[in-house]
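Each of the next two complexes has chain A plus one more chain, namely chain B in the first and chain C in the second.
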Partner chain A sequence: MSFSINPDMAARLIDGCYYIVDPGNRMLHMLNDTGTYIYSELKKGSEPETIIRGLCGEFEVSRGEAERDMEEFTEDLREKGILL
Partner chain B sequence: MSLSSLERGPDFSIDIAGVCCRVTLDKDLPGIERIYRGFFSSPVSPDFTVRVTLEDEVPAAEEVEISCLDNGESLKGRGMNITVSQGEISGEVFRDIHALDSVLRAAYSVFLPPRGGLLMHASSLGGEVYTGPSGSGKTSSVRGRDNILSDDITALRKVSGSWRVCSTPFSGEFAGEFENRSCPLTGFNMLRLDGDLEPGRVYREILRNTLFYSASPEGFGALADIARELSLLIPGRGVYSRALAGV
Partner chain C sequence: MTSYSPVARLGRCSFENRVPLTVHLELTSRCHLNCIHCFHRGAPSRESGEMNAEQVKELLESLETAGTLFLILTGGEPLLRSDLWEILEEAKLRGFAVMLFTSGTGINREKGARLAEFSLFSVHISVYSSDPERHDLITGVPGSFEKTSLGIDNLLLNGISPVIKTPLMDENYNDLDKLRRWARKRNLTHKIDPVISPCYRKNKDRIISRRISREKVCETVFESGIFDTGDFRPREKLECGAGVNMAAVDSCGNVFPCLSWRVPCGRAAEEGFERIWEVMKPDYSHLENCFSCGVLSYCGICPGIASAEGPDFFCGAASDTADRLRVPVNTVSSQGIEIKEDLG
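Our next item is the complex of A and B:
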């Protein structure tokens, strides 16, 4: 798995949550705590394995849950064009 | 017709929020003096220009269609068929003051963000901004008050490090009544919402109620930066206009 952030999207961190504006369809996406954590790590260029381990530690979830969260979230962001 | 408008001819310059626009028309258009008289400015060194021909047939769709071009963006609809490029708008506009007004609103919505400002669907009482969707009570919130700064469309701009509320000529029932004025921005009143609002909610409401006739990622980036700064600096609260009327 490899991910890159779409540079056309305007992502801004406000009060601990990412808000992402899509100029193409004028949609504003708000990420929850988990989404903000994953997105921040992707922005830093972290590997999926590092993010999954980080999710287990930060949010006290099992590895299976972390993998599912990571997969669903990145798939959702790909569909929205936020990840390329 | 006043002497000043006779001398002005079909071209004129306006200043909104300290940003100057030079408008060049190919023929006279009635209504310019009435709508923009409080905002006329010197034609020297405009920040951007609007150079349009007035036509009898121009796309009239209510929604403006924005398309990317090699040299900028194309805007079609609401009586305009124009190209927005670096510092200039050119094209055709329906021969009507309201169509020209739509072009100028679009122009300022695009050219203010790179200059640290934006246009909002909002009215203002001094430094208090009342914003919300169409029909939420922006005009009702300020009608009858003696410190109305703007109605319907309001500009916000950072000047010398401080955010200011600026009047615009883009107003509904108060058209032509406002002067070019500004005062320090003190608060956002989000119509049809309740209580004190978190910065994230203020950010969403600012973006939701901002005019921006562009699909440019750079433009959206500038807008997002402005909205973020405002949401963290300026307090926001929900307010129902009916309750406000009793204040």
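Our next item is the complex of A and C:
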């Protein structure tokens, strides 16, 4: 798995949540806690393995759950064009 | 539990946490047009120097840190800055959703293509009439309609569909229907601004003399269908987003609560935007009576415009609106409006 953030998207972390604007279709997306954590890590360039381990620690979830969250979330962001 | 859409949630949380979500940044007050309603004519920002590209970039860094997401680059004419591309590049790198306000007159094929590289959130172009002569009469520059139309075509060629903006004045009020058709034919979103703003006290008489009457403002608002569609939301409070979740910075770096509320709060290049923002507190003392006004719900008052010219125009318009909606009103003045008990 490798991810890069679409540089055309505008994004800001406000009050603990990432808000992402897609200028192409003028949509605003709001990420939840887990999404914000994953997105922040991806922005920093963290590897998927580091993010999964981080999710387990931050949100007290099992490795399986963390992997599932990571997969579903990145898939969703890819569909929305936020990740390339 | 109420569930908010992302837009509503962002609006609410930026308001509650005082995040300057939207910032208007005037890159220059220079312009090659000379519009009759322009608040820059004779304004203080024309008298001192523009921020250079480095200062603008520093400001963008501060805005990013402060949480600004929507950055509106305006002027004057932003395309007159030769370093506009550098600024757009920086804005993109820093993750802003950028809107560009321009007359469009300087957008040739090459610039249209270049603008398309920056994934702008929107480009807004002012068109005053679909009649070239009338448009040019307002801009004061013969041939400007043709150049603006060409600019629009060059954007469309590059996949940018600009939003057409029309501030209404006596000079173009009667052309509105034709202009709407003109925009529709080109598939362009069209927005009107029925109340032009003086922004500065010294502009008051010149600009108010161009403004459409409050009867026409009221007519325009009703025509928009807002009261029929259920879109109308009664105003709950007098305070707006100025200095709360929005701000404006002029070309010399002076920071204001809003583009229309030009009380200088400090200079970004000297004091830093974040410091200025921290202590900015819009002063509503000019609207003391509005707080207890009975028809505040129907009033479109802009505290910024009212700081330059007083609230009378809005009082009149609110009373007209209340009358038309049959909200019973017995006192109408800038001293505040009281609702009469409806005994019917």
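By our rule, the second predicted complex is superposed on the first by the 84 of 84 C-alpha atoms of A that agree within 3 Å, B and C clash if a C-alpha of one lies under 4 Å from a C-alpha of the other, contacts with A are read in each partner's own complex, and residues count from 1 in each chain.
FYI, a residue touches a chain if its C-beta (ideal position, glycine included) is under 8 Å from a C-beta of that chain, and two chains touch if they have at least 3 such contacts.
Predicted, not measured: the structure shown is a model, and the values here were computed from it.
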Going by the contact rule set out at the top, does A:Leu84 touch chain B (first), chain C (second), both, or neither? neither
Could you tell me if A:Ala10 is touching chain B, chain C, both of them or neither one (first, second, both, neither)? both
One more residue to check, A:His29. First (chain B), second (chain C), both or neither? second
Just checking: does A:Val21 make contact with chain B only, chain C only, both, or neither of them? Give me first, second, both or neither. both
Considering each complex separately, which residues of chain A are in contact with chain B in the first and with chain C in the second? 7-12, 14-15, 17, 19, 21, 23-24, 26, 28, 30
Which residues, counting only chain B, touch chain A once they are in their complex? 198-200, 203-204, 207-208, 214-217, 219-221, 223-225, 227-228, 231-232
Can you list the residues on chain A that touch chain C in the complex? 7-15, 17, 19, 21, 23-24, 26, 28-30
Residues of chain C defined as touching chain A within the complex: 6-7, 9-10, 13-14, 17, 19, 21, 64, 67-70, 92, 95-98, 119-122
Chain A to chain B touching residues, read off their complex: 7-12, 14-15, 17, 19, 21, 23-24, 26, 28, 30
